[in-house]
Amino acid sequence: MDWFFILEKILLISGVLAISLIVAMYSTWGERKVAGVMQDRIGPNRAGFMGLLQPLADGGKLFFKEEIIPGSSNRFLFILGPSLAMMVACMTSAVIPWGDTLTIAGRTISLQVADINIGILYIFGVVSLGVYGIMLGGWASNNKYSLLASVRAASQIISYELAMGLSLIALLMMTGTLSIKEIVEQQRHSLWNVLYQPLGFLIFLVCSFAECNRTPFDLPEAENELNGGYHLEYSSMKLGFYLFAEYINMFISSALMSSLYFGGYSFPYMDSLGLSPNLTTILGTVALFVKIIFFLFFFMWVRWTIPRFRYDQLMRLGWNIMIPLALANMLITGAIVLYRSTH
Amino acid sequence: MNALISTALAGVVMMFAGLFIRNKQHIKFVAIAALLIVSVANLAELSTIEGGSRTVLGMVTVSHFSILFNAIAFGATLIYFLLSGSAFEKVGEHVADYFALVFFILSGITLASSFSNLLMLFLAIEIISIPQYILAGSNKRTPKSSEASLKYFLMGSFSTGILLMGITLIYGAAGTFNIEELGLGNGDINPLALCGIILLAFALSFKVSAAPFHFWTPDVYDGSPTVFTSFMATVVKAGSFIAFIRIFHGAFTGTNISAHWQLLLSLVTAATLLIGNFTAVFQQSVKRMLAYSSIAQAGFMLFAVISMNKYATQGIILYAAAYSVATIGVFAVTMKLKDYTFDGFNGLARTQPVLAVTTAIFVCSLAGIPLTAGFFAKYFVLTAAVQQGNLLWLVVLAVLCAAISAYYYFRVIIAMYFKQGEPATKEEITGGFKVMLVITAAIVILLGVFPGLLLNLI
Amino acid sequence: MLTVLLILIPLVAGLITFGLKGSGPKALALIASIASLAVTVAALFQFRTAPEALQLTASWIPQLGAQFSVGLDGMGMMLCLLTAISFLLIFIVINNRNYERANSFYGLMLLSQAGLIGVFSAYDALLFYVFWELALIPVYFLCSLWGGEKRIPVTFKFFVYTFAGSLLMLVGLIYIYLQLPDKSFSYAAFTSGVLSPKDQSWLFWLFFVAFAIKMPVFPFHTWQPDTYEQSPTPVTMVLSGIMVKMGLFGVIRWLLPVLPSGAYMWSEVAIVLSIIGIIYASCIAIVQSDFKRLIAYSSIAHIGLMSAAIFANNEQSLQGVLIQLFNHGINIIGLWIIVEIIQQRLKVKNMNELGGIATYAPNIAIFLVIISLANVALPLTNGFIGEFLMFSGLFQYNVWFMAVAGLGIILAAVYTLNMVQKVIFGEANTLTSTTTDLTGNELLALSVIVVIIIAMGVYPKPMLDLVSSTTELVNKVY
Amino acid sequence: MFTDTVLLSATTPFSYFPIVLQLCAALGFVGLTMFATHFLGPKRKTSDKLVTFESGIEQKGNARQPVAIKYFLTAILFVLFDVEVIFFYPYAVNFRELGWDGFLAMLLFVAFFLGGFFYILKKGALKWED
Amino acid sequence: MPVQYYIFLSIVLFCIGVMGVLMRRNAIIIFMCVELMLNAVNLLMVAFSKMWADAGRVDAAGAQIFVFFIMVVAAAEVAVGLAIIVMVYRKSQSVDINIMNRLKN
């Protein structure tokens, strides 16, 4: 047993989890700031410089709030719901390559927690567990609004998961692998996938919004229809978990989109700069985070730009437009790839 | 392959027919036309097969035998559509879907008659089973129907699990799913394989409702809409049997291995015969009687499984045809009556002589009276068992049970001819229906006088 | 060709009859039975000149080696004759009856005739089996539709008994078929003697049970008295006069030649069963007060003697059996005709309510006496020669068997004469004093029977000649 | 029958080990936080506080009533179509080797997929308006 | 890990499923037990596939394809089965299979 390996992985995991949490926290700050800019307001500015300590204040408040579990709820499931949501959010980051390898003291350290050859399937598998968190929470609350919201959320998430899965198939046809690391490496030496798969990316993007319950797909949490949705009865850190999970999911979605379509930790001319490998790796990781932050901003941008869909519009978009489009994209990609490889 | 593809396509066509055709009666005609096309496609393949069989991708082996069996299944279904097709409309709204499901079942049956890979066996069994769960529960007006459906579903999926475990264990022993390459009978017996075979035997006994795995049958058959019971108890059962026979004859024969499961299955056969017959004797409802009699008949068909010779294959072909056609006929008549008990048949001979005569012929065929198809069906499976050699005790048991079966089959005749009563029919008996019944009865008798008509084709 | 015609005439006539109305069925049945008799007589002549011409073999199910093979030997010829005569007599006697749904009645009667002739002429084991079953179905319907009060359970018992028996026989047939090298059902192949004695010893029981139920032999007889009692009398005539002969015929034609060592091995058991049947049936007959049941039990006793004689397996006994097949049929039909006549007039079956008929209907009395005497095998009646030969055959086999069976003769005399005494002599009561004498057609039928009784009693040689070929054949096989 | 696909040349079970580590870490984090907040917050429970919130009016009946069958239908359809999607994955990974034959087979599969899809659309299984 | 561990685990899971089906009365739980059985089979199938691949069979991936088919069929069964259970529940407000004994009469 290689103890250094384990130590290295533990460090990496802690780092990734910590960064996820920090990014999630500052996303809330970012969100309000973006909202402020878009609506010509200032946004949080009291706690610390430019309100930078606001997320800490919010987090602390959630910690010290009274914990309420409604009398008619199912206690076990009530606690399990947010825990599961948070767990799932924490698990998806395991297969995302945060960077290339670092060489420290003769050891080659990969900046990916686990490079498994079915990375994309793993993501799908874990993400689809996320719906349990919402479903359990909504059902366990024994509240009509929560239940309705959770049922809506479940329907929405699973509907868009179909189109999401289909849109990725076209990508797989081009790359021929399910390992995310390999997909990134391929882009390092050629053009970004988004240039070959614009439609696929678009579908994936839309579906990511729906998967994360982000506006314009935030029906499960529609506060003016459902009093806040599936986490209506939650308080304290349990509510915090739901909120955090959502932001972490956004973060991971952004990372995934960057990795699959925008070259991940690679950036143009990275191999021709003549820098040391370690430096290149660090620059790559920075590049990845730049991309992620752009996508996070995009999430917020959309939120304050587009109004919420009606439920039937949402389902129609998912089933009647996204799925056929994704299928068509897949078939066209397949035909072109085959044609080019045989001629 | 033609049959497989065309039935699946026909199913899809029927699904869409329901969307575009408003008139329910036209749907029936579309179904009949589709079935005719399927039959023709099936028979057209006969001439293209040289040297007995053709294997497609190591998954499906199309042979003369399988085509003939398909033809019988399609023929029986055609009779079923013609006799009982109009009863579909009374079950519920989604007539076209019911027809589509029947076509999907048929495609499962064609797969069952031609698989050459355990994967395809599994798929065949499932394609046969799953539409049946739906058909069983298709009458939404009565709780009986949905409960029958639930019961069938739970039992059916349970047996699927067992089937899969059997297949997995066999794979663990043999390293392949291809039936021809399994090679279990040679050399020492692998305990994994033996366990697998036993599990497979159990699961398939479940599917063909052989005792002691039969307990779901009466309830399900009784609860389901009669028109679907009639299909489930006949064509579908024959289809499951063909799968049973193909796998056990094709893969598990061999000097060492067959003795092990043969004893087990003979006991199952004996139990099936005894339970099926003795319980059928005490039934008051014709529908339930037919359910139990289908168990009893399964006992006879099991002979074909355990005897493993050419009579067995011929026998199962004849049995499938004879049993299906006759039972479909009896069910068709039963469905026209208001009262499904034996008393409901009282005096039918006086009011509806055509119905009574044809029913009498069907029932005689089921009892195995000579000059009806049922006689030669029984004859062949008994011959197969006698030739097998060490099953004579079972054969004697079987003929005694056959004599008992005459009791409950003839109760129908007694009720129709020897008792007084005014049987109430649900609807006007049309001339077309009578003509179809007479044609069906003629087929039964024709096969009873000249079984060679079918046997020549094998 | 004539043989096929013999089967076809009643078959086709029967099917046509179903579609007729009014008095059509009656007329057609009569015509068909006359035609049958004529063809039978023609066949009889052909049999004397060119017996091979009665054989016919046609392809039926080549896959199984089953053929449509029919033909008539001496025994078959004789039984066909018996069938033709019996059916004609039955139709004559019931000519003035009007049955409900006459078309079905006469149609089924004719179909059963076709089945019977098929059984007697089949030379292919599978064909034999098919006819064997087919003869049963119409009779089952006849009994169930036109029988007495308890007809449904009773005839059902009859049906299940015989059906179970015949299915056992089917198993035996299949087993033998599979043992044969050329996989054929033909008579020649079946009698080629390839079966090992071990196989024969158990196959014997499969066949014997089937035949024993039909005859019937103790302990397989329990269906018989009930069925005879409940059936309409014309059907009882068919049952007791001809159908029971199917069992005996089966033993002689199929069991003995196909399973000679089996029959040899179990002959004592078979004889003991038969003799128990004789004594048992006779004893019950003595205490019986029901007219029909008495005759039924007497029939069991007679058949028991025949069956015992068959298994005694020597030429004399066999000759006796063969001739008795015919004579017993004639006698018992005669008795049933009388029963039918009395019952139709007085509507009672209990002999204690009868008596003194001789005074009011002397013709009935005369015929009953003659036929009863033939039934107890008085010399110069037809019963005598057969029973004599059978007893001498049994004597050669085992003296004690003969002695016990002989007791049956004495008992037969007791109950038959008792019956005659009770029915026609003694005090007439108010009921019996209304008896009217025979009508024309009854007189005709009974006269024919009496003529046959006396002719056969005085000059049995033609009949003995007719069956000699069969006797020789069977003994050769032994 | 089947060729050796990428599925078989799998990475060793050991490459999944870090995932187990991460699972432990996530479990630990979630558990700890839950545990901590349980003790950190004030606890002043009153019966009114524990009543479920329904926009300020009193709760009527049990919330766990059957919801519209549409949701259920969507779930079922997802299960079916998702499994069909799963079939595309091994195909997509291997589709270069399978070539045009494989593509045609996949077209047939897609045709059936679309057949089912249009069927449910036509049947109105996804109509949310009513 | 040796394949025996997987076989043992799968058999245990399978037996739990079987016992559940035979002993529980709630239709949903029975159904879940059936799914457990199927998943035990899947696990075993993959284990055997690996075993035969290690033993040098080139077509051992077939078992993994089989697993796909099991999943598909299981999905179809889920679709049908849940629909049936919902239908029964809406009729009788219960998914206890004991109440279904009224079918017998």
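Per-chain numbering from 1; labels A, B, C, D and E assigned in written order.
The working rule: a residue touches a chain if its C-beta (ideal position, glycine included) is under 8 Å from a C-beta of that chain, and two chains touch if they have at least 3 such contacts.
None of these values were measured; they are calculated from a predicted model.
Steps from chain C to chain E, taking the shortest chain of touch contacts, total 2. Each step here moves to a touching chain, and the least such steps from chain A to chain C number 3.
Across the two interfaces under comparison, B-C and B-E, the one joined by more C-beta contacts turns out to be B-E. Chain B has its Cα centroid nearest to the centroid of all protein Cα atoms in the structure.
The distance from the centre of chain C to the centre of chain D, with each centre set as the mean of the Cα atoms, comes to 80 Å. In terms of their C-alpha centroids, the spacing between chain A and chain B amounts to 53 Å. Work out the mean CA point of chain A and of chain E, and you get 32 Å between them. The geometric centre of chain D is 19 Å away from that of chain E, both derived from CA atoms. In chain D, 1, 82, 86 are the positions where the chain touches two or more neighbouring chains simultaneously.
Shared interface positions of chain A, i.e. residues touching 2 or more other chains, are not present. Among the residues of chain B, those in touch with two or more other chains are 176-177.
Annotation, chain-chain contacts: A-D, B-C, B-D, B-E, D-E (touch as defined at the top). Of all residues in chain B, only 314, 364, 368-371, 375, 379, 382-383, 386-387, 392, 395-396, 399-400, 402-404, 406-407, 410, 414, 417-418, 450-452, 455-456 touch chain C in the complex they form. Across the interface of their complex, chain B is touched by residues 7, 14, 17-18, 21, 27, 30-31, 34, 37-38, 40-41, 44-45, 48, 51-52, 55, 57, 59-60, 62-63, 65-66, 69-70, 73, 76-77, 80-81, 84-85, 87-88, 91-92, 97, 100, 102-104 of chain E.
Residue ranges of chain E in contact with chain D, taken from their complex: 1, 49, 53, 58-62, 64-65, 68, 71-72, 75-76, 78-79, 82-83, 86, 89-90. Within the complex formed with chain A, the chain D residues making contact are 6, 9-11, 15-19, 21-23, 25-27, 29-31, 33-34, 36-38, 40-45, 47, 49-55, 59, 62-64, 67, 71, 74-75, 78, 81-82, 85-86, 88-89, 92-93, 95-96, 99-100, 103, 106-107, 110, 113-114, 117, 121, 126-129.
Chain C meets chain B in the complex at residues 60-63, 129-130, 133-134, 137, 141, 144-145, 151-152, 156, 159-160, 163-164, 167-168, 170-171, 174-175, 177-178.
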